[in-house]
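Note that chain A is present in both complexes that follow, paired respectively with chain B and with chain C.
Up next, the complex of A and B:
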């Protein structure tokens, strides 16, 4: 099989089972959302795939080749996460230089351009950047390395709404020019709903959902309209959430809607955030 | 004056003007939202108030007493931010013990209870916690210290939706029992709209808005309804944003609505996030 194959991965930290028999395939050129509550095991899985920590059991392969301690394979991966692996005192522009050394296809011109777009001064030390600007720096690296597998563990940590939107737009632009595999882990689900093609949900170290976004969203629906009409519609049905703006109400339901709806009600597709809460809630 | 008074604060880092003549009052027992884009100066201001860095110009006083290097005054403040000031290797339970030493009103029983609620193991080293659990740990400290001024610089960094909601509910519960001053800085504005009483917006190191939440939200309004009706209503008016769910549309406008609206349209109050983007956008 082409792509990444994760087979039977388990990992325990002291008395905590972080991952339990995880099986997953990540295909070439596809954008994945890796979703889960705090502590579900997302970061552990990404760290194992990227050889940052070792599994207790199981294997990760790329195009059939084991990933573990395989420099050839790992040079095709790039992981952005909360850890700062850059040496104390290293400046942004030095990190770009290092990036180019390690990743031959690193696009220095594009990285420079993104620094201007995000107003990141290249002379600044990485360590002295705010949380938001550390995320920006790491995302610029991820967008510039030009490797076929990019893993983004909470890429919008500390970013304001404008910068979050800008980052996702640039990611999509890059992907459209030349598709690559992207695995995005985030707690701001609404912002990635339209970006991810495939959704993997992890709960207590186990994968509980591994489906295309469309299949997942088709598993439920939303009904919107004046509150009184919506309340009449949901009487006797089980809803999994609701939102109200002014006198308008939107409710979220599992299953498929009736073929004919009362006048004044609108059907739309499921909201990923609501579905996620339903699947992973406490 | 009772409370914190910030007068003429300026701060420059090398060639960057971080704050320029900032004047602000923070009253006793009030919840403030301190909002601004990445790099606007929010964290610098909070660090100066809390004596973590020094201003170039200006003064910060509490009840008329200078804050600078004043241990008596500073023991009434607690700042949660991205910096981890806890010694390498310190465990959660050790930090609680230290908290109790420094803050006599630290509520150990409550801190223990919150660890259970958030499933934070007290034996873990702070440094080894994930970004989300580091935020949880710091928030538990902030909710347990019982000082009259608590500053939360992006308290929900890395938290999942459930934990964000839980934290804000606990904060409100605590505040309702015994009001204290809280200053919250966050990029997830929708989640604090109903919590903050007063909003301070900072842009390029200057305060551009310092008003009660209600006054700010009353400066604009939303109109919702079937898209065709909404489009007819906004024709010739300037909108600052819009959302669409199914065939229903919500638009955001500045000013006051007409006294009489066309049938089928609903008026509701302004959305803080939309207004913020309008005020701080690039």
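Up next, the complex of A and C:
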């Protein structure tokens, strides 16, 4: 099979089960949103795929070939996360130079252009950059390496609204011109809802949702109105959560609404953030 | 053309409607090229597959046509076809919603007619 196949991955840190029998496929040329609350296991999964840590059980393959300690395969992956792998004292431009050494398709001209648009000083030492600019530096690497699989773990950490907007636009432009697989893990769901094509939600080390964005959004809806009317409507239906304020009630349901609704009830569409909160709450 | 998308309708439909509005207001002319999938995706920060889905909706209705290797163009007669389509949707999109709200507020049909006449004179 083409793409990345993750089979039966489990990982335990001391006495904490970080991942429990995770199965997932990542296809070529798609943008994925990997969502989960803090500590759900997102970063552990990305680290395992990228050989930064190793699983206790299970396999990760790319186009059928095991990823584990396979330099050939790993040169087709690029992971951005909060860990800084660059040697103490390395400057931005030196990192680009080494990027070119390890990733033959690294586009130096494009990286230079991005430094200009983000106003990242190339002569600065990476460790002396602010949190936001460290993220920007890593994102520039990710956009310039030209590998078929890019993993972005909290890519907009510390970025201001202007830089986040710029980053999303550049990512989409790059992807539209030449699609590659992108896995974005972020807490800012509203910003990526329209960008991702597929959504994976992870909770307590297990995947609880693995569907196209459209199917997820079409698969649920919200009904609100006076509590008595809402209660009558939901009897016999599958709800995933509710909010009440005074006598006004909103419920979150799976499935599609009736064509004709009783007077006094209002339907609104499900959005990723609402669904996420309902599915991952305690 | 709208600058921001909302959550009320699927994004690909909003893209199609944005292009329709562009054609109806004269921002896009018949037989002229419209922006590319990349431009739409970047501008609205959406997945290119979604932009393509919206554009294909209008290709299916012969509002747009594809010139291979060049891009998307507005069809000849698109303005009239869009007017016909929007007119046929007018009752459902505007009148029904207005009456619903009017009933909630206790506004009569005579009141509405008077308001409409006032609006036209303005």
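Here are a few things to note about the model shown:
In the analysis below, the second predicted complex is superposed on the first by the 236 of 282 C-alpha atoms of A that agree within 3 Å, B and C clash if a C-alpha of one lies under 4 Å from a C-alpha of the other, contacts with A are read in each partner's own complex, and residues count from 1 in each chain.
By our rule, a contact is a pair of C-beta atoms (placed from the backbone, for glycine too) under 8 Å apart; a residue touches a chain by one contact, two chains touch by 3 or more.
Keep in mind that this is a model prediction, so the values were computed, not measured.
In the superposition on chain A, no contact is made by A:144 with either chain B or chain C. In the superposed pair of complexes, A:50 makes contact with neither chain B nor chain C. In the superposition on chain A, contact of A:197 is made with chain C only, not with chain B. Legend: residue contacts after superposition of the two complexes on their common chain; A:177 is shown touching chain C, with no touch to chain B.
Residue by residue along chain A, chain B and chain C are tallied for touches, and B comes out ahead. In the superposed model, A:168 makes contact with chain C only, not with chain B.
Of the two partner chains, neither chain B nor chain C is touched by A:185. Overlap of the chain B and chain C interfaces on chain A comprises residues 268. By the touch criterion given at the top, residues 16, 36-39, 43, 82, 119, 121, 130-133, 136, 154, 157-164, 187-189, 222, 224-225, 245-248, 250, 266-268, 273, 276-277, 280-282 of chain B touch chain A in their complex.
For chain C in complex with chain A, the residues that touch the partner chain are 5, 7-11, 37-38, 41-42, 44-50. Those residues of chain A lying in contact with chain C across their complex are 31, 165, 168-169, 172-173, 175-177, 179, 191, 194-197, 213-214, 217-218, 268-269, 271.
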